[in-house]
Each structure stands twice: as C-alpha cells, then as structure tokens.
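Both complexes below contain chain A, partnered by chain B and then by chain C.
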Partner chain A sequence: MLTDLYIPGDSALHRARPAWKLALLFVYCTAIFVVTHPGMLGAGLVLVALSYGIAGLSARDALTAIRPALFVLVIIFAAQLWLESLGMAIYVTLRLMALLMAAALVTYTTRASEFTEGILALLSRAPAWVPKDKIALAMSLVWRFIPMIRAQFDEVREAQRARGLERNMLALVVPLVVRTLKTADEVAEAITARSLD
Partner chain B sequence: MTMQFDRVSVTKGTREILSEITLSLTEQRIGVIGNNGSGKSTFLRLFNGLEKPSTGTVRFGESTDDLRRHVGFMFQNPDNQIVYPMVEEDLAFGLKARKLPKAESETRIERVLSELSLTHLKGRLTHQLSGGEKQMVALAGVLVTEPEMIVFDEPTTLLDLRNKMQFMRVLATLPQPAVVVSHDLDLLAGFDRILHIAGGRIHADGRPEDVIPAYKALCEDLGGC
Partner chain C sequence: MTTRDITLIALFTALTAVMAVFPPVTLPLLPVPITAQSLGVMLAGGVLGAKRGGLAILLLLVLVAIGLPLLSGGRGGLSVFFGPTAGFLLGWLLAAIAIGWMTEKFWDGLSFVSATLICVIGGIGVMYAVGIPGITLMAGVPISKAFMGSVTFIPGDIVKALIAAAVMVTVKKSYPIIGQAA
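Let's turn to the complex of A and B:
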C-alpha cells in the first residue's frame, strides 16, 4: 500500500527514472514473495534500509510508511502465531513491512507528475485503445487524495465524537464515503475545466 | 473580446435552470448576485463550457466550441481545484494539457509565481498550505494558462478577512476581464457591472450602486429576492 507523499530531495533515487523505480519495485516484491527464505528477507530488509539511507530518508520516514498498516500487521502476526509458529509470524510480518517500506520509498522519491510519466512509459507499448493518459492521471491522483481523504476522515471523526458517535462505524463511514464521492466529482470537474478535453 | 450570450437556456429534466439569457459582456469586472438555487453557478459554468446550453449560443469573440481555451475557471474550494501534490507540478498540469514545451512552461510558472509573490511556495506540498495560499495557488494555476477571461465561483467564501483582502488586491490587478459570482456584496461594490439572477433570469443588470441596494431591499422584504 502506498502510504505518504513525496519528500523533496536530490538523491540518486530522487533522480532515477520513475519507470525504473516501478520496475525494480515489482522485481523486489516478486523476489521476496517467491523466494521464501529468511536469508532473502534479511537481504531485502538490508537493501531497503540502505536505499532509505541513499535517498536521505530517516528511520522515522520508514516507520511512517508502516504506521497506517500497523493494525493489519498486528492481526497478521497474531493469526500466524496462532496458526503456525512465532518464527513464521515474525517472518510474514517482516516481509509485509519490507514491501510497505519499499513501496513507500518509491512514493517518497517520486513526484506525482514523474509518476504519471513513469506509468505512461510503462504503458507505451499498450494498444492504442488503452486510455494511457487517463490511467496515468488517475493513478497519480492517489497522491493527491491520500492526505485529502485523511483530513476528511479526521473532520468526520471529530464531528461524530462531538455527537458521542465515535465508536459507530456507520456514522464514520457513510459521511466519509459521501464526502469522498462528492469531492471526486468536484475534482473531476476541475480537471475538465483546467484541461482542454 | 466580448462574451456573448444569445437566448441561452439550460434545462435539466423538466426544470428550466436558466431561461432565455441574452447578454453582451464587455466590462472588465462583472459581478453576479442572487439567491442559492437561482442559477448563478450554472450561468458561470457556461462561460468555460462546463455546462452546455440546451438552446441558444455562448460565444467568446468568434469562438463557440473551445471556450475552455479562452476562459479560466476558479472554483469555490481550492482543495478541489488543485490536482497535484506539489505546487510546481500542479501549475504545470494545465500547460501539459496544452502541450506547451517544458522550457516555456517553466518560464510561465516562474513569472506567475513571481507576479503573485508566491515563488517561495514553488516546492511546497499543496496539502500543507494555508487556505489563503491554496486559493492563490489555484489562481496561479489558472493564470499560467494565460486565459483571456477568468470566472470566479464564490472565491472569498472560505477565506478569512486577511486572505480576502489579499485576494481583492490581486483581483484588482488582473489584466483580464473577470466575472465573479459572490454573496459578498462588499467585494462587488467597486465592479463595473452587476447582474442579479433570480429564477433563472436576469432580474437586474446595471451599475453596482443601482443593483446592489435594490437587491438588498428585495431581500429585506421577507424573501422578496
């Protein structure tokens, strides 16, 4: 899961072509999943840690990448502990953390506009009927929507807390979905107004 | 260049939102007032082609089908107008759509940021900006495309007094003609022309000193506006 936004910098990773970063991320994730050996996982974690260093990012940035998925990680750890063993629980959880940190590394070092260009490059050989520009724009909008939806969630939670409904999932989800859909409509209209299509 | 509305109506289902609007707009600053649901926003959306007339013609100069190339649109909420997470790349968005060469695009962005005194925001993340800064960045995103006219949908509604005053200063210096829909009658007081829309029709059209007091008087008369 992509977690946070671009962190400005001038490292080799920041300058690398987005298409290469996406391709390497794909290879990295595949390798870690296919080769189920602790040595591979260890090497993967070292590689991610080194890459964060090269990009001038801190351990705190890596933790920020993991934090939104902490709840899921705890559930996976507990399930593996119950179904398998402590060793397997640690292995599976660390593997997921490595993937999250690697994916976040791409978002931390790639501007949304570069990401759009990277996706366009990856789609360059797709058939003509594939709407490449629209796919690339839609995917890069994820960057824009993450903080927006997060802010809307906080506002809805505050409002429901004031009404004593902070534990009511329906009271949190319904307004958030409605607001998100309305925002999506308005953003789509703004994109139309600013484009020529 | 003149914006011309010739017997323009907009109908949604069976409901007529705008009815037989005929106007010729040549002034530099035009304000649009009216109650919620009166058809103001629909009227404004016609300028940029976001809304198509059900009947009649909207024409900017000789152009009827590529209004978007000539008319910039400022939305009420800048959060929904800003597409990219970084100021610089958001400003480049409209220019990419116009296939402008990168060097020219960068020059324009630098120039507009400098004109609006926003150069310091160039590398900033848009979601970390204040409300006033976002509004200015959204305006910069419109200005870089060098529109010949700009329309504003309630531009000061979300601004505090300081940011509203800054926005008014910037608006006064824009060389383009501007059409502003607003409930903020102070903002429109110095304009060249005011259109009062009611029930999808132009109820009054004239100088602010004539139209605004009449509008206020109507509203005071128990919902007469």
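Let's turn to the complex of A and C:
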C-alpha cells in the first residue's frame, strides 16, 4: 500500500501549519548556506538536534534521513579531503547532513494529506487560468494508480518468469507500458461517462 | 488538456514510481546497480511528448516532496531535494521535456536509431548537464571531480536509453500517443 514517511506524534512541530514548516526550512537552509562560518553550522546542528527532541523523534530517525545519501556523502568527504583540507571536508559534509536532517524533519512531522490539503487550498485561491480541477484530478488519480500498476507489474513479472525472462528489462517494460496506455483509455472513458469533465 | 491527457499524466507518474521497485540490473565490471527509474523519465517524454511527459515527472516530484517514498530504495520526502544529488531530480524534469520535444520533432521518421539518440541526448546529456553542477553547488566539489564520480553511471544509462528507444518504437507502432492533440 501507499504510505508516507510521516511518524505519528503530538508535538508542537506535528501541529504546526505545513506552510510555516516549509518557510522555516527555507530560512534555515538559506542561513547555513549564506553564512559560511563554522559557528553558524554548529548552531544549525544544535537547532536540528533540539527540534528532533521537541518532535519526540530519536537519533535513529535522523540517521534514517541520512542513510540513503551516505554513499555520496562519503565520496564528497573524500574528494574534499583530497582537494582541500580535513576541516573543509568535515564542514561540507556536516552542512549537507544538517540540510538532510532538517528537510526530513518536516517530512516526518507532516502527513502527505496535510500537504495535499495545503496545495488544494492554495489552488482554490489561484487565478482562473490555473486548471485547478485537473490538477486535483491528476493528484488523486496517482494515489489510485500506483497500487494498480504495481499489481500489473507483478502479473507481468510472473508471466515472464514462466518464460525465464524475469531479468529481461525489455520483456518487463513493453507489456507494462502497453497495458498502462490501454488503462488510460478505459479510465478516461469512465470519467467522461460520469460527466466529471 | 482532455480527461484522457490527465489520465495519461497520472499513469506515467505512477509508472515511473513503480519502476523504483524493478529488480536492479548489474552490468559486469560496474560497481553501481542500474535502477529502472530514469527509464520511466525517458518513457514519459518519449511516449507522451514534452508537455504531458514533463507534467508527469513534475507530479512525481511533487508527490515525493510531500513525503511519499516513491524513489528507488524507498527514498522520498523533502530531504532528497536538499541532498547532494538534488540537481538530478531537476534534471529528470528537463530530460523528460527535452526527450518529449525531440520525439515530437522527429516523430514521422522515428526509428530505433533516432529514438536512441534522442534518449541519449535528453536522458544523459541534459540530465548530467543539470545534475553535475548540482553536486558542485551542494557539495563544493569542482565540476570535473563531480563528473568523474558520475561517469560510472553512464554505461547503465546507455542501456536504459536503448530499452527506452525500443519501447518508444514499439509503442509508436502499436499504440501511438504523440501526434494526437495534447
């Protein structure tokens, strides 16, 4: 099923408006990128650690945010160490980690549905030339389509496994794309038949 | 934009998201596994065209930003847009638009060779032209070094360009989408 990366909780950060959290994240990132002083970065790291504490999240959650980028971070650390100095390598790597953790904090404390509501609220105030209904339709369709295409992909893979082709990307992609295009016609007809257009 | 266009956009957003769970392919002698997700980017442009393909990738990026783990390895949320490789996500969007635009231009005589060229220019040329300066910006690594670090991914991307081209030509024959009113 389709789940977001939200971690349930009842902290001030969980209850804050998504727009405020995004604005704060933007200010935070700009600040630690513009003021290139180690003291600023230190303060930034303390602030992130405090915020994780306020949100009731653990150090492990913060690590989860960094882990996918770990490989790239190690390479960047090595490159900086080789080109510049140890201090520079530590500074650049820590700054990236601070950014990753701060951004993940917003994701952890905000449900995808809250963001969606926020986007729809913004759209309702958008000028007339913005196709709001269509944007809303596309967003809600994807929620339904992802589990559906995943199920279709499993079917295709089963069928190709029987032929010994389950590692052949072409044999997996072509049937999946053609099925997807056929689905588009069926779904579009069904929507039009219900006069949502 | 008709309802069918909206449906196609949503379907290719979902298709690209599902490609994150494709079994990764490893080429001999290469340390990096090839994930199928950038194949979805090439297909969005090459099958739907510039406008619809670009919107499909944009929608995917919006859903990732609001916290859905739709990228390969279950990555998602705002942090992927603040990491060192964030430039490549913008590169996806521009690559889909570029591939779609070129495919529309050369639609009438589209062959496997021209489709492959289109996918290489858009999916590798445009993608790395945006992604590599992104590494430089986020991590302060010189462009040349960022390029060296990215070069190991290029053989895999060429394989994906070949697959995308084969799909584009097959779809053009059996189920053409480009050429109809967008």
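One rule holds for everything that comes next: the second predicted complex is superposed on the first by the 112 of 197 C-alpha atoms of A that agree within 3 Å, B and C clash if a C-alpha of one lies under 4 Å from a C-alpha of the other, contacts with A are read in each partner's own complex, and residues count from 1 in each chain.
Just so we're on the same page, contacts are C-beta pairs under 8 Å (C-beta built on N, C-alpha and C of every residue); 3 or more make two chains touch, one makes a residue touch a chain.
Bear in mind that the values here come from a model prediction, so they are computed numbers and not experimental data.
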{"item": "Which superposed partner A:R111 touches (first chain B, second chain C, both, neither)", "value": "both"}
{"item": "Which superposed partner A:V72 touches (first chain B, second chain C, both, neither)", "value": "second"}
{"item": "When both partners are placed on the shared chain, which of chain B and chain C touches more of chain A", "value": "C"}
{"item": "Contacts of A:R163 with chain B and chain C, given as first, second, both or neither", "value": "neither"}
{"item": "Touched partner set for A:S195, first chain B, second chain C, both or neither", "value": "first"}
{"item": "Partner chain in contact with A:R60 - chain B first, chain C second, else both or neither", "value": "neither"}
{"item": "Which superposed partner A:T183 touches (first chain B, second chain C, both, neither)", "value": "both"}
{"item": "Chain B versus chain C as contact partner of A:M148, first or second or both or neither", "value": "both"}
{"item": "Contacts of A:P8 with chain B and chain C, given as first, second, both or neither", "value": "first"}
{"item": "Common interface positions of chain A, toward chain B and toward chain C", "value": "5-6, 111-112, 141, 148, 183, 187, 191-192, 196-197"}
{"item": "Of chain A, residues touching chain B in the complex", "value": "5-6, 8, 111-113, 140-141, 143-144, 147-148, 151, 183, 186-187, 189-197"}
{"item": "Touching residues on chain A, where the partner in the complex is chain C", "value": "2-6, 25, 29, 65, 68-69, 72-73, 75-76, 79-80, 83, 88, 92, 96, 99-104, 106-108, 110-112, 115-116, 119, 131, 134, 137-139, 141-142, 145-146, 148-150, 153, 166-167, 169-170, 172-174, 176-178, 180-185, 187-188, 191-192, 196-197"}
{"item": "Complex interface listing, chain C residues touching chain A", "value": "1-4, 6-15, 17-18, 21-23, 25, 36, 39, 43, 47, 55, 59, 62-63, 65-70, 73, 75-85, 135, 138-142, 145, 149, 163, 166-167, 170-171, 174-175, 177"}
{"item": "Contact set on chain B toward chain A in their complex", "value": "48, 50, 66, 68-69, 73, 75, 77, 79-86, 89, 92-94, 97-98, 123, 125-127, 141-142, 145"}
